[in-house]
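Please read the structure below before turning to the comments.
Labels run A, B, C and D following the written order; every chain starts at residue 1.
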Amino acid sequence: MIVVMKPNATEKQIELVCTQIREMGFQPHPIQGVERTVIGAIGDERGREQLQGLALVEGVEAVIPITKPYKLASRELRKERSVIKVGNLEIGAPQQFVVMAGPCSVESEEQILEAARCVKAAGANILRGGAFKPRTSPYSFQGLEKKGLEMLDTARRKTGLPIVTEVLGAEDLDLIAEHADILQIGARNMQNFQLLKAVGRTRKPVLLKRGMMSTLIELLMSAEYILSQGNPNVILCERGIRTFETQTRNTLDLSAVPVLKQLTHLPVIVDPAHGTGVRSLVPTMSKAAVAAGCDGLMVEVHPHPEHALSDGAQSLNPDEFTKMMQALQPYLALERRSLHSAAAVGA
Amino acid sequence: MIVVMKPNATEKQIELVCTQIREMGFQPHPIQGVERTVIGAIGDERGREQLQGLALVEGVEAVIPITKPYKLASRELRKERSVIKVGNLEIGAPQQFVVMAGPCSVESEEQILEAARCVKAAGANILRGGAFKPRTSPYSFQGLEKKGLEMLDTARRKTGLPIVTEVLGAEDLDLIAEHADILQIGARNMQNFQLLKAVGRTRKPVLLKRGMMSTLIELLMSAEYILSQGNPNVILCERGIRTFETQTRNTLDLSAVPVLKQLTHLPVIVDPAHGTGVRSLVPTMSKAAVAAGCDGLMVEVHPHPEHALSDGAQSLNPDEFTKMMQALQPYLALERRSLHSAAAVGA
Amino acid sequence: MIVVMKPNATEKQIELVCTQIREMGFQPHPIQGVERTVIGAIGDERGREQLQGLALVEGVEAVIPITKPYKLASRELRKERSVIKVGNLEIGAPQQFVVMAGPCSVESEEQILEAARCVKAAGANILRGGAFKPRTSPYSFQGLEKKGLEMLDTARRKTGLPIVTEVLGAEDLDLIAEHADILQIGARNMQNFQLLKAVGRTRKPVLLKRGMMSTLIELLMSAEYILSQGNPNVILCERGIRTFETQTRNTLDLSAVPVLKQLTHLPVIVDPAHGTGVRSLVPTMSKAAVAAGCDGLMVEVHPHPEHALSDGAQSLNPDEFTKMMQALQPYLALERRSLHSAAAVGA
Amino acid sequence: MIVVMKPNATEKQIELVCTQIREMGFQPHPIQGVERTVIGAIGDERGREQLQGLALVEGVEAVIPITKPYKLASRELRKERSVIKVGNLEIGAPQQFVVMAGPCSVESEEQILEAARCVKAAGANILRGGAFKPRTSPYSFQGLEKKGLEMLDTARRKTGLPIVTEVLGAEDLDLIAEHADILQIGARNMQNFQLLKAVGRTRKPVLLKRGMMSTLIELLMSAEYILSQGNPNVILCERGIRTFETQTRNTLDLSAVPVLKQLTHLPVIVDPAHGTGVRSLVPTMSKAAVAAGCDGLMVEVHPHPEHALSDGAQSLNPDEFTKMMQALQPYLALERRSLHSAAAVGA
């Protein structure tokens, strides 16, 4: 249910409604809009009829059911687009665009620094790099873990780029949250509900990747897990789905961008490297993703892809990335978006 | 095998090689390039070693195997892009772009004329409209058949737009070929090999739609059926594949565009209406398709979608289509493409 | 709509109802049951309300709408199972079981005779063999065509086994119908509606294979195309669907058997060779198919699979097939089914 | 690499080889067969050539590479079938069969006791029931957690049935391991590698469900994660994959059973309730699963499915389950398998 407050409702009235919602056994989620405040009342479907009674409370204009299974993520609850702040960047703001670039894995301080400098020079405004790696085989390189995080720290200190890196389990969350600016939930963990709840209890921005087998509604339900724990800072990421086609590793579902834009207020970015698995397709599909209306890109860039410990086949080298970023500019201009350069976070 | 002729090879030498290829039981397919001629020798894999002997023939520079299962469709055989002429349009030419627009079905003369005029006014340069309709149910509207074709004739005469319309079976081919400028093979018939052979025996341009669960290699193999019968005028069309996602009717596989551009010299167009099945997604996905590098679009436009006998939910109305065409212009400009207006064919 | 006649309705009353249905612009499909006759009234959805008026006609008990999009194929219309007679075999009869076995392609008279004799000796009661072959590549072996059909004739004459063979297009239908006892529509042609209509105009039994990309409802709609042309002799065949799994060529969807048994009165058989694409899985999956309740199997058996011109990897050799047939016996016994031996058809 | 010891190799020789493997930086996994011992040497691919040197060590017959990406799970390493002991049950033993039955969720002591008694009476030998529930929506019933585990304890004490229940995250593992006899990893967590490692560090039997869009190789790689941590007690479970078909919730991939039996020595069970999502299909698909050669079934049974808090639509009621178990008996007999009744574990 959404409780829509009158435009002139007082703080006190809003608080009172929140208290009453809580007393009825629901969680209040007040959202302050430009004109008015609306309060989501979230909880068990059963017994939600009693919330209708709030319509009579002072300051309340209407009580409206949210028909979608995702509530806090829905545009029914919130018409304006959510903007997630990372340093001076505003992810999801209509005139901004983010490019998260860097290697699949952090392999050494030298490698991550070289990568960070070159992606920054080319215009990227966030650095990606995995310290904890989800690998299909237990015998593959699993990441440098704590040491990798420290190397990412160094890279941020030296370049000012905020860091996005993956969390594989709740047990590593505190450690990673100390180092990362954005917590990434990988495709294979999209329905790891314990992990979703754990990141939901932080207030860190979360990059939630679509499972390779997950519908867009399931993606939104997973976002809802995070939101319902009180963390509103969720960024969605389309990264390709599994189909029968074999020329590409996955099928990049670009319609996901406009579909999600219709269903949710959360920002949506696209990962064309995992989405296709083929380096030569990344620049073209990045252009197409911009034209599809996404808020940013995540791109794998490695100083020397031929020596990468993981995902070399889909990583751009610095030259390719620089050319791609130049080629994107006029498309970003058509979408009236631009790449702000990141100011050092907490530096 | 490809027989590469020397740059200064004479007509006579080329003819002689063709004769010898024929005598060895293969079909010669000479392709005249800017610098030199290459001759594809196509036939049963067995016994192709003897073709190697042609390397010694005068005027021949080299004999090279084609490694792909599709031969005539491959870029190994032909590096330059194929251009398919339809009236004064050159589909596949790098600076041109085609938009095939119109209703799913021809429903009446009034309807198709109204549709033709409005899509032409908005900039479309080819008229689409089904006279023979493949419908899942035998009890659904199956098209006006011959009468529908005659209405398309009228629409062409009055607007100068060339016509693309679907062929469902070899038995209707002669009739449809009389009326259509481009023969469409629908997704459900992509592996109707008898029909592919039949349209391959004509010289009419063929629009070959990807089956909804066909790989790109299978699409190229189906093109090969047409090419191997002697008809070089094949246009490929991505129109969405079947996946588990339910927010869209199909998943539009835009990576198909750059993948096909790497594998084949044939033009590639995109059908975002069938690809998504949702009207509101068509303009955005059309922009994305342009950015992905396609040679054209096929779009369903109905003067009154709410009364359409088929596919109303994914058809744009004239206003929506006009706005979309305007919005596409700057994206086409970035790709250095423009929409030529069609001159009346045979008029 | 279904018009349910009273148990004691006379022939004349039934005829009268049929005439009235026809006059209202619908096709009557009378189905004589054990207790009573029901008449399907099939046609355009629009205007079907007038059929309700028939409830007042003498001999009519009730007029009931069919809610499914497939009408003649539905169990709403016909509760008893359809039995398709082929010589002395009754496909779909609850105590019978058919095994259609033989090579993918007819390759020579010697080969098809050897195959026919060995599959008969092992207990198969129908001979399969392709004379017209749908091949992904135009350069692959396309079948012996007319000569292949004549070899199948010889095999039937010498073994008494009825023949099932594939029709690729309406243009070959008359020729094939002269030679075949069952017309096979392949997976790639499941939605070749012109071909469905053409075989619907014959009265020959039709084996309709599920498209590798087709839902069960679409399969039933394709059956409806055949039924609605007046041919009630349709046998459905599950042969695997396309998924992301790569250990098998397709994913054999055995749940299709009980689902179809719930939805339709038509017989259902299973093709485990195409369904898995792996020879070593065929015997096990055949057992599982019997346990799932199917009415028969289609199995690829080649006298010398290692020399097969097509599908060798999924064909059993005579020994393997004989062992498999023996292993099936106790499972058939549990299902209270047995394999009748075929008497020479028309011999 | 596998080090194959001579049949007469001594304990001491075996120990020595293990030590040397460890010194080269690999993990030794000795497997004692009937005739001889083989020792898997597992670790980073790089530098495995040095292991070849072991061929010269006394007692060693041969050093053979394992070509599959899964090593410990492969039949290359271990030809005999693994048998997982749970109380007096031997899961995977060729003459035994297990049926894990019970409700989706533990809802109350009364409910789980009623369920336990009726599934035991019908012949089931393991009780399933979820205390921690992975739910798509954060607002759905999430399970009774610790209280649910205690109710499962009571049910075991009163019926003697061992318990299988799901673990959602490493943080709950210790608690659940105290109560459960088999730890279940659900489909959504099949690639939650942290969780796989955590259960791998216990020695509890693990039921690993196939992800709904995971290949069989990926399933084996996930099993490898558990095995490589030292826990050999892994049971695989096919539970349906996601496809385009909508008549069933998932497509039950029964070919997975014989494929897995060829690739791995681990036991394989089937979950027809999740695999189809339709109650009426469960008995038939269970018969088919037995015929496909599985080692057991997991079935949802609820005393009152119409009141179930989750998965009611696919749960059998006690009567249906009893009938199904009776119907399975002759099929089990054909496979020479029988259902041992469980003796109270630790009771």
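Assume a contact is a pair of C-beta atoms (placed from the backbone, for glycine too) under 8 Å apart; a residue touches a chain by one contact, two chains touch by 3 or more.
Nothing here was measured: the structure is a model prediction, and the numbers come from that model.
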item	value
Lowest number of touching-chain links that must be crossed from chain A to chain C	1
Chain pair with the higher count of C-beta pairs in contact (C-D, B-D)	C-D
Separation of mean Cα positions, chain D and chain C [Å, integer]	39
Chain centre separation in whole Å, for chain D relative to chain A (CA means)	35
Centre-to-centre distance between chain D and chain B (centres being mean Cα positions), rounded to whole Å	51
Of all residues in chain D, the ones touching two or more other chains	213, 242-244
Complex contacts: residues of chain B adjacent to chain D	213, 242-244
Chain B - residues contacting chain A, complex	213, 215-217, 241, 243-248, 251-255, 257-259, 262-263, 275-276, 278, 280-281, 284-285, 287-293, 330-331, 334
Residues of chain B defined as touching chain C within the complex	42-45, 69-71, 134-139, 168-172, 188-189, 191-195, 197, 211-214, 218, 221, 224-225, 228-229, 242
